[in-house]
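Shared between the two complexes below is subunit A, which has subunit B as its partner in the first and subunit C in the second.
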Partner chain A sequence: MSTSMTPPASPMPPETLPGEATRPPVTAAPRGEAQSPLEDSSRRTRWLVTLLIVVALLWTLVPLVWMLMSSFKNAEAVTAATPQFFFSPTLDNYRNLFSGANNLGPYIVHSVLAAGISALLAVGLGALAGYGLARTHMRGKKHLAFWIISTRMAPIAAVVVPLFLIFRGLGLIDSIPGLILAYLTFNLPFAIWLMSAFFAEVPSSLEESALVAGCSRWQAFWMVILPLTKSGLVTTFILCLVFAWNDYAFAVVFSGPSSQTLPIAASQLVTQTGIDWGQLTAIGTIVVVPMMLAGLAVRRWLVTGLTLGAITGE
Partner chain B sequence: MSRVLYDEATRVYPGTERPAVDALDLDIHDGEFLVLVGPSGCGKSTSLRMLAGLERVDGGRIAIGDRDVTHLAPRDRDIAMVFQNYALYPHMSVADNMGFALRVMKAPKEEIDRRVKEAAGLLDLTEFLDRKPKALSGGQRQRVAMGRAIVREPKVFLMDEPLSNLDAKLRVQTRTQIAALQRRLGVTTVYVTHDQVEAMTMGDRVAVLKDGVLQQVDTPLRLYQHPANVFVAGFIGSPSMNLAEYPVEGDEAVLDDTRVRLSRETIQALKEEGGDRVILGFRPEGVEVVGEGTPGSFPVTVTVVEELGSDAFLYGQYADTTDPVRLGQTVIARVDPNMPPAKGERVRLRILPGKERLFSVVSGRRLPA
Partner chain C sequence: MAHAAETSAAVRGSAQLKSTGRKEPRVGFEGWMMAPGLLLLAALSIVPFIALIAMSFSRVRLLGGVKLDLVGLGNWARFFTDADMWLSWLRTIIFFVLTVGLEMVLGIGIALCLFRVLRGRNILLGLLLLPMFAAPSIVGLLGRYLTDSTFGLYAWVLRGLGYSGDILGAPVSAFAAVVLMDVWEWTPLIALITLAGLSSVPQSVREAAAVDGARGWMTLRYILFPAISNVLLVALLIRSMDAIRYFDIIWVTTNGGPADATKIVPVRLYETAFRFFDLGYAAAIGLAMLAFSIFIARTFVRLLDVRGLTR
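== the complex of A and B ==
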């Protein structure tokens, strides 16, 4: 499922690449006049940047487009020795996915529940903990922050076995709550860390002003601070959602028949008797498209969120 | 409207030895405009934040009216605060910003509208009520911050350097507006600034702080004329008071080739602390340029003359001095703007009778004249 790992990159619109966005417009020297070395080099830089963008776009989009096209091809066209760009589209692959004994419906439900709920929980708890972390003056705060994010740095493989033992003891194997908890173990530290960076950007005089105006701590947080970190909340939610939605490693270990997610369904199409490329690309499309749409829908916040800052309006 | 009382109020930040605010005693009358002034790090902002409840009080107590608020949450103190960066809520319109406190109190909507409109009218903000703070100029934002405090109708206004983000001209304008507004509303106000001109022009009384310790609290004029110690003398007034150390011989301070007679009380006080030197201070307007040979005068070499139109100030060095303490020290004197001395010229200055202020070298306190 290598294609399902690409959505985080695709919502980033090409025009926001840092090198391009901040560059002043380059005015070309009139023809025939000698160009100064400075203009010459800035022109060269612009070409280089354009070239890099084109390469990055091709790198990102070609597999996606190919997957999308293949999902509408019949079996012959998918596996044809010469790649086919023109073909009569068919919905057969999708129809097959949603019919028969191995209906894709429940997998989608499991994925939506596990990824959605775990991302919501991660953002909610991450916001609370991140706010506390951003505002506390305790000693060793930086170390604590680093420790929290460092738990996210461990490879998934390293935690799968201990988690499996714990989950088995708690009866959480093959359950949606189990998956949610598994995703939370990875997403929560990340959410705390990211949200605390957003809260640190909000001047503390804003909540002090709210406290003096008659707010309780909670009211100040809810009415003043939280609305100001909207882009942070959206960014964190999307990044957590993408992680959980794309996950295969946790799902393959912790889920069973009643909790299997989309990536598992995709892997089941790879059998010893053969690979159904048509259906596989159709699942790939079903996995990738929602994340792309979500990314595009919140693009405005995502871009300000990923760059941090400019949230106080000062 | 209420009296505010600091009673030995102390704040020690964790991990520091010296208190940020050290046993502050301050009695602010009902309706008074009190200014806390001092150099950065003197504890003036901390004192204000203690009153707001944003800073813990580690010792002593603070009262607003008859109520001890030492350990009350900020929201239970019935105060309104204007912050240095205004702390306007960027996601709310001007009207919502101004009505925020009332909304939190769950006041009826019509009442909020009425009070917001009233305050907006008072501050020339009516046409901006629907705007977001981002779309306002610095001066307008400042007025919104003021409006937010006014709408609240609190017992006390707290203002933490509310003018320091404005440009110089606007600052002077707004300064008088705030002072006038405060007198009109009659609400007790505690105002923090590092700018002594602001303090002098706005406050009914001014409290001067240094290193967390209250130096003196008095009316601007009395602070200017009767500073309690060397620090206040040097801090209040612009250009500042000339302060220099002179040896004492008999009952006279020796100003190089001339002498200033000290009163019996001064000599007595000097004797008690066993000093043979005295700090003599005089304001730039407390001296006059006199002719050669005038008794009690001392020579000064002019280095710079500042001509302001209505005034002219001479900046010079003590000429002929042999005292290492005074070598290189600057003397500032107000001179006739119509015929100021030239740069490099040598003039004689004489302290006008009764204009000298004497301070102890040991304690810095003013000596009885």
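== the complex of A and C ==
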């Protein structure tokens, strides 16, 4: 019996360890005395799996928990030579972020505007174009699809350089619209491609019956197909939001005092004279937590979304 | 736009859905739907692409208005003879192979472990996925905090184990650190995709294997891996194209240092473009990176074609 099929829920009582009685005679007969080591090994496998999962959890969560903890520590505890596991929590770091010279407020507004609007535009245009792409029979469709996906995969560094020149010519440096356009360079192709994958899942017989019932093509799309891909729309929006919100490479080149986003605010705390790690972990928490919640909210469709529709999960 | 679409559809009548594209040479309903998105995308990708090519043959002046002075193959000659550049490519390849390789191995391992867990798998997976949503620049800064030689948690642990160097200060350990930060962030993606692949292997196949006496490693080697090989390939390609896209972690931790140990190509490009403002040379580097990513995109699309997924 394959180890993956043993239910780990109830630990096996020690009496049944040899396991002869629990085996169907058909498979047990030819193997004879090999039974006992087998059960042993399945047991060992289960322990190993548990151990590995614990290690993976620690490796994954310790940095995040440490960031969260540190953001509630006072200045001495944050940079204590011996890590402080027990401390009296304080909101000082967060309070300092919103008062004094470098108030975090505007950065949050910039981040929300740039990421939010670019994600909305990407999903809106992406839904239209994705639907067209999923249903069209035009010649050269493959080339079109390839062009779209290769735009998404273009290295940021290769896009930033010419965009910098163009934006400078157009006066879009240090502006929210500039950032939105920059984020659309990766969010728009992503949204088109992913929405097209979601639309392709909807059988086109649905539109046909809508058309027979007297709908126009637009009505069939708007009233029949679009509502069926609501989860696709939400997933695409959230992933676009996460990509844009997390961006650093574009913002560090294109944004100035009137458009700097949260990741830039975080990196600006790194100065020649020293780093305020308390405030930095607080900004880190503010940047990271909303996106984690948003990402987990669409967990069911994450596989589809992150493989650009190549794999449909669950 | 909505209006135009409606009328064009009304004119054509209703029952033509399947044959529209072939019979009509004009832009059909699908064409109108695609138009706004594709036009914007064209403006955002083709224009910069042409600009990039033009820049790679020019010296770019920024002061007193943007100006391109053609210099012919100067940037390219420099690109192919720059020894530092070749070292950067080598480092990029090592970084790429190490990160993507470790992420694949660990991700598949985690997926196989989770696959055996029946109760609470969703909660475990949810927790393990968290790093994926963190901004890479924050991951880098957090990594810096954790590895700080005086108060970093991980530096403290390592000191307990007998290692007491400045992790980001020495070339080899700095390189290892940025690799591990990348691995921390992106292993969950591989685990997520692999787990989806494993879950899609029909129960009956696994049962049949079990009845035939396959177990443990054999099931893995001969039943599960072949069944999910395409899924693994998709995971590899998706991760590969993002691996060359992102460099935020290195940018905020070591900025290419110490002694250029972590200076991979995108970091060098940024430095060339936005510290030395040599945009022409940066454009040449950018085009070379683009060629690499297009190669990966090509493979990805071809793979989808083989599986009949691009419709």
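Definition applied: the second predicted complex is superposed on the first by the 239 of 314 C-alpha atoms of A that agree within 3 Å, B and C clash if a C-alpha of one lies under 4 Å from a C-alpha of the other, contacts with A are read in each partner's own complex, and residues count from 1 in each chain.
The rule is short, and it goes like this: a residue touches a chain if its C-beta (ideal position, glycine included) is under 8 Å from a C-beta of that chain, and two chains touch if they have at least 3 such contacts.
Owing to the predicted nature of the structure, the values given are computational and were not obtained by experimental measurement.
**Student:** For A:303 in the superposed arrangement: first (subunit B), second (subunit C), both or neither?
**Tutor:** second
**Student:** So, does A:214 touch the first partner subunit B, the second partner subunit C, both, or neither?
**Tutor:** It touches subunit B and subunit C both.
**Student:** Thinking of the overlay built on chain A, is A:227 touched by subunit B (first), by subunit C (second), by both, or by neither?
**Tutor:** first
**Student:** If you stack the two complexes on chain A, which partner ends up touching A:120: first (subunit B), second (subunit C), both, or neither?
**Tutor:** neither
**Student:** For A:203 in the superposed arrangement: first (subunit B), second (subunit C), both or neither?
**Tutor:** first
**Student:** Would you mind checking which one, subunit B or subunit C, touches more residues on subunit A?
**Tutor:** C
**Student:** Taking the superposition as given, does A:173 touch the first partner, subunit B, the second, subunit C, both, or neither?
**Tutor:** After superposing on A, A:173 lies clear of both subunit B and subunit C.
**Student:** Who does A:75 touch here: subunit B (first), subunit C (second), both, or neither?
**Tutor:** It touches nothing on subunit B or subunit C.
**Student:** Would you mind listing the overlap between the subunit B footprint and the subunit C footprint on subunit A?
**Tutor:** 208, 211-212, 214-216, 219, 311, 313-314
**Student:** Per the contact definition, I'd like the list of subunit B residues that touch subunit A in the complex.
**Tutor:** These residues of subunit B touch subunit A: 52-54, 73-75, 77, 79-81, 83-85, 87, 89-91, 100-101, 104-105, 132-134, 148, 152, 158.
**Student:** Any idea which subunit A residues touch subunit B in the complex?
**Tutor:** Of all residues in subunit A, those touching subunit B are 203, 205-206, 208-216, 219, 223-224, 227-228, 311-314.
**Student:** Note which residues of subunit A are touching subunit C in the complex, please.
**Tutor:** 1-5, 7-9, 27, 31, 38, 41, 45-46, 49, 52-53, 56-57, 59-64, 66-67, 70, 78-83, 125-126, 128-138, 142, 144-151, 153-166, 168-169, 181, 184-185, 188-189, 192, 200, 204, 207-208, 211-212, 214-219, 221, 242, 245-249, 252-253, 262-263, 266-267, 270, 277, 280-281, 283-284, 287-288, 291-292, 294-296, 299, 302-303, 306-311, 313-314
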